[in-house]
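Scrolling down, you'll hit the structures one after another.
You will see two complexes here that share chain A, one where it goes with chain B and one where it goes with chain C.
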Partner chain A sequence: MLTISACSAKELNCALRSGCFRLHLGDIALKISSIIPEFNTAFRQLYADHPVSLTGGGYDFDIAISPPSWWRRWFRRNATFEFCGDTPFLPMEVGHAHAMFEWGLNWAIASFLHNYLVLHSAVVEWKGKGVLLSAVSGSGKSTLSAELSLRGWRLLSDELALIDDDLKLIPLARPVSLKNSSIDLIRSRHPSAIWGPLARETHKGTVAHLKAPSSSVEKNLVPAIPKLIIFPKWTANSPLRIEPVGAGQSALRLIDQAFNYSILGVDGFERLVALVRTAEAWEIEYSSLDEARGALEDLVFERG
Partner chain B sequence: MENQRIHTISASSRLLIEQCDDGALVFNLDTGATTLLNNRASALLRFLLPLGEVAETEFRADVNQLWSETSDFSAIFSLLEDSQLVFRC
Partner chain C sequence: MFSEARQAGLLNRLSASLRKAGRAEIQYPERLHKHVLATSIQTDAFQRDVHRELGHIQQALSELHAPVLLLKGASYLLLGLPAAMGRIFTDIDILVPRQYLPSAEAFLMLGGWSTGKLEPYDQRYYREWSHEIPPMTHLRRGTTIDLHHSLVMPTCRIHVDSEKMLRDAVPIDPIGFWWRLRDEDILLHAASHLILNSEFERGLRDLWDIDFLFRHFVSCSASFPERLLERSEEIGLVKVIRQALFLAKRIFGTQVPDQLLPDKHGLFLRLVACAASTRHPDTRSNWQGVADALLMYREMYMRLPNHLLAVHFVHKASGLLKRVEEKTAV
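For the complex of A and B:
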């Protein structure tokens, strides 16, 4: 299938302008429109390996990154995230448009894909075994998943776990969102990694997006089987600490990080119970990414 | 003479209970809430469920016969009541 890297900038811009552009993110098809050059450039860089169509076709979500109303354009160059014609968020400056797209897409997936149980969790895979990294924001989940994905692990998502009714983890490999000091940390460890532009002074501080490895994007139609649930916590200067978490406690912690558990009702409960019975849960506190990766690889080998 | 009222109790009838290694996960279909109960609380709930509406004193006596340590009956019952898994009628 055609990928963005095989399209010229002109072809991409034309398709984004005409409403004929479709991004295939695993099973999900996105109609994306934009006439904002800053967004188009960053998008082309970060989604280079993703399959696309430039000639229209069916879609699940209709997303437009567009200039705001005329009067707002007097103040500053802004961009809005439009979802199926609605603008659920305030405009942001055009230099943040690619970050706004990622946040908006997370919101759309969490708000509308109720055929899946959607958890706030990174998902990675090692040696064919799916691992959920579930944590509140700021725990280092994205940093750890970025590190793992750049060390040979398969990335399914740095933000959202989609669990279907067969208990499979649905891949959504796309750029990894890193914040503040995590950006320099991953940059220094992986100098050849590909990054989008920095978005400074956002509500999350400075944000940068790391391009997902092509090997992960290529497998975006291949689900993973969950084998481990990890609750990671980065703490400065902390020695590595690994402790098992009971299945019931694990379920409660996942419910806290679920977007649509209450909407799914009994189905959500049954899926969650099946998940915690299938996948052992562990809590890992760490300060060293190398130690955390080593511990996770050992856990997958011994317990996954 | 004090007018003594006999309390009856019952468990919520629409519960799903799944045993885990660290307790029982209970999903209340009426409220949508999920609760993790320790083994003693889940045992008490499972004991009460098939009985329907029953006098509290009678139920407490039955539980006392089963459990050697009964001092925590009230605490456990309160916990279940707070979670809307059991009710005083």
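For the complex of A and C:
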């Protein structure tokens, strides 16, 4: 299938303008429209390996990145996230449009894809074994999944775990969103990694997106089997600490981080119980990414 | 179409209709079928929540000892009307007789619902002129109740005998806690809600409700159209019901007998048809913004007598100067 890297900037801009552009994010197809050059450029860098269509076709979500009013194309330039013609959020400056796209897409998936149990969790895979990294915002979940994905782990998502009725993890490899000091940390550890433009002074601070490894994007149609649930916690200067978490405790923590658990009702409960019964849960506290990765690889090898 | 339906707040109903028809009847791609299933999961959850919320309201108002009338979406659901199919709404509308209003509000506050902080002007608008008190939101669950004491604004320019509709209400359950309007009045209320308000971003849904209600009541009793006409004359809503049924027929092909249709279709009906139609940026009419603005002015004109209208416009115009965006950040 055609990937963005095989299209010229002109072809891409033209398809984004005409409404014929489709992005294939695994099983999910997005219609994306944009006339905002800053967004188009960042998008072209960050989604270079993703399969696309420039000639229309079926889609799940209809997303447009557009100026909030006609004059905002030229003066005090802003962009809104338009979802099926609605604008659920405030406009942001054009330099933040690519970050707004990622946030808006997360919102859309968590709000509407009730075929899946949707958890706030990163998902990675090592040696064919799926691992959920579930944690509240700010505990280093994205940084850890970025590090792992740059060290040969497969990335499925840095933000959302989609669990289907067969208990499979649905891949959604796309740019990893990193904030503030973790940007420089990953940048210094992996000088050759590809980044999108820096978005400064967003409501989440400075944000940068790391392009997902092409090997992960290529496997976006292959689900993973959950084998481990990890509750990571980064603490400055902390020695490595690994502790098992009981299945009940693990379920309660996952419910806390679930977006649509209550909507799924009985089915959500049953899916969650099945998940914690098949995948052991561990809590890991760390300050060194190398130690954390070593510990996770050992855990997958021994317990996954 | 799915994208437009999602925007119009109708994807859940479209999905419910598609499921009811069955996949053999109407062919659509597998990708869309996933969304049909996803929205039906959401609808089920929503309806469970409404039933639970009605239980909470019933408990909070158990000492009120007055009939509590259930209106619109929640009543369709409790009565099992087809109009409840895939209908998602944000507020539960209830009505108590005016003399019970203060105690109903007090009981609901004890139950955890509160009107929150309002600007003095909005407070006055609701308390002095409106047919409902400000929306009450539950502090923990975030659910909202619209507590009414009348079916239309008492200051409305069309004289509507809503007292009569209230007098003829009937209990739903054997213990007589929840009450409902009679069939004709349910439709008249839906029609007046559509025609006398300016919430046309939900206009298509309201029209579909009217279509569902009309079809259902006619299927239950062939003489329903005659009774509806007679009743609308008593209440003072003949023009309104004719306009609403004209629009339902035009968009949903409702089979409406001639005596329930307007003689002439003026500018107003064309404006409503434009405003209630698709609102998706790719397909909407260029005139929709104009239609919306004109209809909003008409709504205020219908609702308020001249002196209050002048006060209202001056207040809103001064508000434009210090307008604050309501939307939230991502």
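Things worth noting here:
Here, the second predicted complex is superposed on the first by the 298 of 304 C-alpha atoms of A that agree within 3 Å, B and C clash if a C-alpha of one lies under 4 Å from a C-alpha of the other, contacts with A are read in each partner's own complex, and residues count from 1 in each chain.
Here, a contact is a pair of C-beta atoms (placed from the backbone, for glycine too) under 8 Å apart; a residue touches a chain by one contact, two chains touch by 3 or more.
Keep in mind it's a predicted model, so treat the numbers as computed, not measured.
Which of chain B and chain C touches more residues of chain A is settled by the count: it is C. Once chain A of one complex is fitted onto chain A of the other, the partner contacts of A:G104 are limited to chain C, with no touch recorded for chain B. By the document's definition of touching, of the two partners only chain B reaches A:V276; chain C does not. Residue contacts after overlaying the shared chain place A:T87 against chain C, while chain B stays out of touching range.
Once the two complexes are laid over each other on the shared chain, residue contacts for A:S262 go to chain B and to chain C alike. Contacts of A:L252 after superposition: chain B is touched, whereas chain C is not reached.
Within the superposed three-chain model, A:D166 lies out of touch with both chain B and chain C [touch as defined at top].
Of the two partner chains placed by the overlay, neither chain B nor chain C lies in contact with A:E302. Touched by chain B in one complex and by chain C in the other are residues 262, 265 of chain A. The part of chain B that touches chain A in the complex is made up of residues 16, 18, 20-25, 27, 29, 32, 34, 36.
Residues 19, 29, 31, 58-60, 62, 64, 81-82, 84-90, 92, 100, 103-104, 107, 112-115, 203, 262-265, 267 of chain A touch chain C in their complex. Of all residues in chain C, only 3-4, 6-7, 29, 31-32, 34-35, 37-39, 41-42, 44-45, 48, 279-282, 284, 325, 327-330 touch chain A in the complex they form.
Of all residues in chain A, only 246-249, 251-252, 255, 261-262, 265-266, 269-270, 273, 276-277 touch chain B in the complex they form.
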